[in-house]
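In the two assemblies presented below, subunit A is common to both, partnered first by subunit B and then by subunit C.
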Partner chain A sequence: MPRTQKGFLFDPNRCLGCRACIMACAAGKDLPPGIYLRHVTRQEFRKGTQIIQYYLSTSCNHCVNPECLRLCPEQAFRKRRDGIVLHDLSKCNGCGDCTRSCPFEAPIVNPTTGKAIKCDFCYDKLDEGEIPFCVAACPVQALRQIDIWHLKSQAPDTVKRLHGIITLQITRPSIRYHALKSGKQILRDPVRKGDEYENGNL
Partner chain B sequence: MNMKTGICNELFIKSIEELALGRDIPYITGMLAEEIGKGVIITDSVNRVLAFHDPSGTGVAVGEFFPLNREGSGGNKAGAFEETGRFREGQWATDKGILNYVYLTIGVPGKLYGHCIVLCAGRELDTRQKMIIQQLSLTLLLALKESLDQEVIREQLLDEFTYDVLYNNYDSKVALFEKARRLKWNLEGPFAVVVMDVPTHKLSTARRLGPAVFNTSSPIYTVINENVVIILSLTNLSDVQIKTALKEFTTELLGNLAFNHVKDVHMGIGCVATNLTDLHQSFQEAKVALELGKVFSAGDISCFDEMGFLKFIFSAPAQELQEFVQRILGKIIAYDLEMETELLKTIEVYLNQHCQITNCAKALYIHENTLRSRLKKIEQLLGFDLKRIDHLLNIYIALQILKTDHYHEFE
Partner chain C sequence: MEFIYNNICSSDCRSSCRIKTKVQKGRIISIQGDPIDEFTLGSLCAKGYAHLQRIYAPDRITYPMKQMGKGTGNWVRISWEQALREIAQKLIEIRAKHKTLLPVCLNKYLGTMGLLSRSIDGFFNSIGYITLMTGSPCVATGVDALTLSFGACKKPPPEDMLNAGLIVIWGCNPAWTTPHQMRLVFDAREKGATVVVIDPVLTATAARSDLYVQIKPGTDWALARGIAKILVEENLMDQQFVAENTNGWESCKNSLEQLNLDEVASATEVPVAEIKKLAHLIGNTKPMTIWLGAGVQHTSMGGQGFRAIADLAAITGNIGIPGGNIHYGTFDSWGFAGEFTSLEPPDGSKGIPDGEGHYQHRQVGTGRFAELKTMDPPIDFLWVASHNPVAQAPDSNAVKQALASIETVVVADLSLTSTARYADYFLPVASHYEYEDIVVSYWDYGAAVNQKAIEPLGESKSDFEIMRELAVVLNKLAPGFSTFPTDRDATQWLDLEMKPLYPKLGITHYRELINQYRRVDLPRVPWQDREFLTPSGKYEFLTAPCTPLIHASEEVGDYPFRLLPIRSFATLNSQYRNFVSMEELSGRSKVLVNPKTALSKGIEEGTRVKVYNQLGEIVLPAGLSNCIPPDIVSVYIGCDAKEVELNSIIALIDTDLGQLCSGAKGLAFNNTFVNLVRV
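Take a look at the complex of A and B:
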């Protein structure tokens, strides 16, 4: 398998906050009611006299330096050669160390099994050449999967952070964003004119 | 064809035949040295000594790397392009005194493979000897290319395996140990992991510049995610010896890197891993130490076990950290924005100057009374007493979080 680093590319200018990504993930992964591996939050920050709001969809960022992998006492986490961080349920003892150690609070303890679960980037679908549930479900292609190491050639205008969010980058999260454009946060048209990303897979 | 050229050609053909028969670089070096009657050193592209044959008996000791100073030749690639086929001279300070040497770059345009160094002054070489050196350098070029190609394949295998070990990406420990044995890893723990951040275009050079031996075994040098990763065996070393040995190793490595013009180097060292299956933890710690060291300007080398409370900062939820900073420093940040003052900078410098009024005032280029008035304002706004250690500690932590955040904002 060639060495890559899979990650997400999120466009806050497109996201409608419809939560289709959350629902597709929950349904596709057969999660118990009320348990979600992805979250959509509304962010707000002030720029001069303007108040800017946008939606942010987040899940496990499959960090280059994953804290969950470092701190799990059962060594239940591993990172594949494509950069996806996987969690082995059979090794998990449900201690919750991963939940507490993750700066993004991505792993959660499933109350029905008492064990931690997290986004696995739908690696089984990926291995079959398909795309993750959340990416496939986004009606406006605000969420895409990318290869972080080759991002510059694929989408050169991306940023590592967005205004209004404090996210410490020491774990090197594998997520990139399109820069915020003032007044363009809510787009109802799923396909923009001259759009170079027609499918969700970069 | 004159007689001189005939002898040269014969030797060249013989060297090619010997190479085809499986003879290695030291053998060809020996042939060359015996023929010209002078000491010959062959190095690779990073000046690591691959062979040394000294029929003239100078008795000089050659280290792991030859201090070939190519500064001003425009770097390895350009140098190879410019210098191929040309003799250059240099001087080498040894324990036997200053030695003159002549060197020839072994390479093709755009690609450097190594150097052929002859221990004598340029005037001591006659035309025939120069021709022999040039011809056998072609044989050595083939040998070096073959050796480098094999090294690249070995590095690829090693990189993949090391990635799997350091990211826990294996199915069974038995298979892991079996593969490690095949790759001739020293399986006896404990281990230390060093992660080195160097400019991306210098990665392949940097991984070859490390000392060949550490604590009687060979360190493992690999490249993972744009970092050079070094795994060191610490077998039979006490805690004190580990610190000393690591310090010596990193000092030597930094020296080699500096000599080869590899700059902007940072290193992170993880805690000791007791066995192979714990390496992933030490690796992650080394990366955390590296990142935090860069953020907090802790120098070239940062050790995870010396990071103190700083290592806990980043693993706390981001929202909580943000709230903490706002709670502690929010009022002076807002005041600075509104009144265009520098209270935040003042308190930061005040702490950096160990709360010394005189030094702090000097560092800020303000009068001591101005500083006192600013500190009073800070105390009023924050409701803190700057003489109380618990209040100072909270401010210090909040400033460190802010520093981390700003570092990544402008990265």
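Take a look at the complex of A and C:
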């Protein structure tokens, strides 16, 4: 196990769903229009009479046990000493095994090159002492970069799962969350028992 | 060789983000937020990061065109020489025929907030008295309301929110429209502030609040009045502030006494017990600040709503103190010299008598395109700049008909917008990366130079160059037609316009703003001197009687669902909607409906739904969400307009205010009712 493991700390109590992270990444990495390495999804579910709504920003989780690295037939993936999972474009044959094997569907096949592409944690920026595009772009610091192994000293009250998140932990994704808090709601037509509806795509 | 330029986003937005632009071989290769910007701290919004796609958009048109038959799509590329000559000849013809330029109409808005865009108004002032489309589809109602109450729109700087103990965000979704301010909202909360959101829709902002109050749309006035009544009854007032600094209190108090809280509860659909709790929170937490968005003012009683909400700040003495006041907007940071707007027509020009022996422009309210057809003399020539009224004004079909009926329509824009499709001439405007300009924020008062990073693409020109060259051509064909000083270059204009602001910015020339963050120096706390700019010198309470108006807010009709056009993170009105990335990011446009409504109509997620009323119909896939109440359906403004024109079913309804400051009543975009059926 490496001594450090780069990862993300995400605060659903601050995320606005504004998508600046996605576009900062796309612009910074000069991705073709419509190709993104980060995704923001809206989560909606019911809790008693209240409606819980929050946004979730995800990319490659730079897993401790990356499935992409294990399954890639060309061994195009490698894990740096700091835990960042990198993909070597020159070795990639575009087979898509990584896309299918990743529980988070983080690697995608770039239609313009026919090869896989995924978040590289902006390791080149990191090596220059800078921070990733997505983290820098967040107007409310909902997304931060952390060292997973030294998290407790930085943010003691974190959790590994949130409602609506893929619960599979077998790859040990390097992402932690702040626990979701919700305020009080005075709704005109409160959701009642029997009204089953979750995860609308607003 | 790489060059870095300083730019500033010129879209009509509170943030006015400063941008660092990297240029290589005359082409912009990257855009990043500028960390010296003390409001944005160097982050842009999703749209800002997509600016490269705007500059190099495949659908951008960079040469003048003439359409052979409006709406036919039969466009022919022409030269600037031909375009400007033919347009000039048309203006000369009109003046010769009518002995006035009243048949010429200008419709210009805020497609760019760049200072130089004022040259468009300046040019039309310089040729004669014309018909001016006046008013503001955005803020007219709110500006009038606050002007009636306070005498002027003044606001604290963004950081003053950190001093608040209670932040009430009313009819506003800043998570998507002003994300940078949300940093300060969250920081205030970490310091102990409570965040309340009042909105008909459970927005991204509402979801992050401490208390969300879901209000029936259009009843903000009633809720604010109900809260006021409780504040008075339970003496949660600042008696001293009210006694010393306000006018109309007795009358206001009397009307509150007549108010029945049960009626307020039934109108707003907020239970009396909850209104009381909200009143206690407002009455017991000081300082309280209120952030008013566009939502309230886009209803038929929006002006009264704004004033009733402002009254809550007055009753509780939350005016003129740090952490208090109302965050809405101000024009104080725009104290330009007015060199463009003060240009005068040539001697002997005739227009509408102003009653004092002079002439003035004929005015028509913004969005009222149907009126253009019935004016005397009628409109023969329309110039549309910095605006896309087919997409943005109510009743798109009425706008299209008006455009079709006008002999000559000129649209100056970056691409063939839905308005440009009804133009005779299309003039290609340069993006704001292609000419030097200045933007001053009306939110944080930051003033920045927008440097010219690249040459204008193709044959495109800034609005300023277009107007200046048109003046040259006009004066060549008809000497003395325009008084526009055509030998003055953009730099000189900017310097002249900015001169009054130099002392407030601590500079002697605008170019000193390059590489440094400066704000127009406005008071940290507005109204601290309690000297209100109303005729009485006091804060003016709303004194209108309560009861009849509560009943007036009840809506009845053939169409059971209120259609709320709401803002998406992916668009700014009709801007940005043609980007591939924005379309992908926001998904296809949908009509958002409550699952209960969907069930009653046999609609499921993704079902194609016809949304219709007396004006027309649009067809969109359904998106289901409990965040939308059952009697409301919602569509994002500006999404997916290639096939669907949302405003074709938005009714043209006046709000209750707007004429005082903007010259025309505001537009009640939130008062449209529709029905749904699956197709």
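Convention: the second predicted complex is superposed on the first by the 180 of 202 C-alpha atoms of A that agree within 3 Å, B and C clash if a C-alpha of one lies under 4 Å from a C-alpha of the other, contacts with A are read in each partner's own complex, and residues count from 1 in each chain.
One rule holds for everything that comes next: a residue touches a chain if its C-beta (ideal position, glycine included) is under 8 Å from a C-beta of that chain, and two chains touch if they have at least 3 such contacts.
It should be emphasised that the depicted structure is a prediction, and the values quoted were computed from it without experimental measurement.
Engineer: So, A:77: does it touch subunit B (first), subunit C (second), both, or neither?
Structural biologist: First partner only.
Engineer: According to the stated criteria, A:123 is in contact with first (subunit B), second (subunit C), both, or neither; which is it?
Structural biologist: Touch partners of A:123: none, neither subunit B nor subunit C.
Engineer: After the superposition on A, what does A:137 contact: first (subunit B), second (subunit C), both or neither?
Structural biologist: second
Engineer: A:28 in the overlay: touching subunit B, subunit C, both, or neither? Say first, second, both or neither.
Structural biologist: second
Engineer: Counting residues of subunit A in contact, which comes out ahead: subunit B or subunit C?
Structural biologist: Between subunit B and subunit C, the winner on subunit A residue contacts is C.
Engineer: Considering only the touch criterion stated at the top, classify A:17 as touching first (subunit B), second (subunit C), both, or neither.
Structural biologist: second
Engineer: Is there a shared patch on subunit A that both subunit B and subunit C touch, and which residues make it up?
Structural biologist: No residue of subunit A touches both subunit B and subunit C.
Engineer: Could you please specify the touching residues of subunit B with respect to subunit A in the complex?
Structural biologist: Within the complex, subunit B contacts subunit A at residues 159-160, 163-164, 167-170, 225, 277, 280-281, 284-285, 287-288, 291-292, 295, 313-319, 321-322, 404-405, 408-409, 411.
Engineer: Which bits of subunit C are touching subunit A when the two form their complex?
Structural biologist: 29-33, 40-50, 52-53, 175-176, 179-180, 182-183, 186, 195, 202, 204-205, 207-216, 269-271, 274, 569-570, 579-581, 583-585, 587, 590, 592, 594-596, 605, 623-630
Engineer: Which stretch or stretches of subunit A touch subunit B in the complex?
Structural biologist: It comes out as residues 3, 5, 64-67, 69-71, 75, 77-81, 101-105, 160-161, 165-172.
Engineer: Which subunit A residues qualify as touching subunit C in the complex?
Structural biologist: 13-14, 16-20, 22-24, 26-28, 30, 33-34, 36, 44, 46, 51-55, 136-141, 182-189, 191, 195, 197, 200-202
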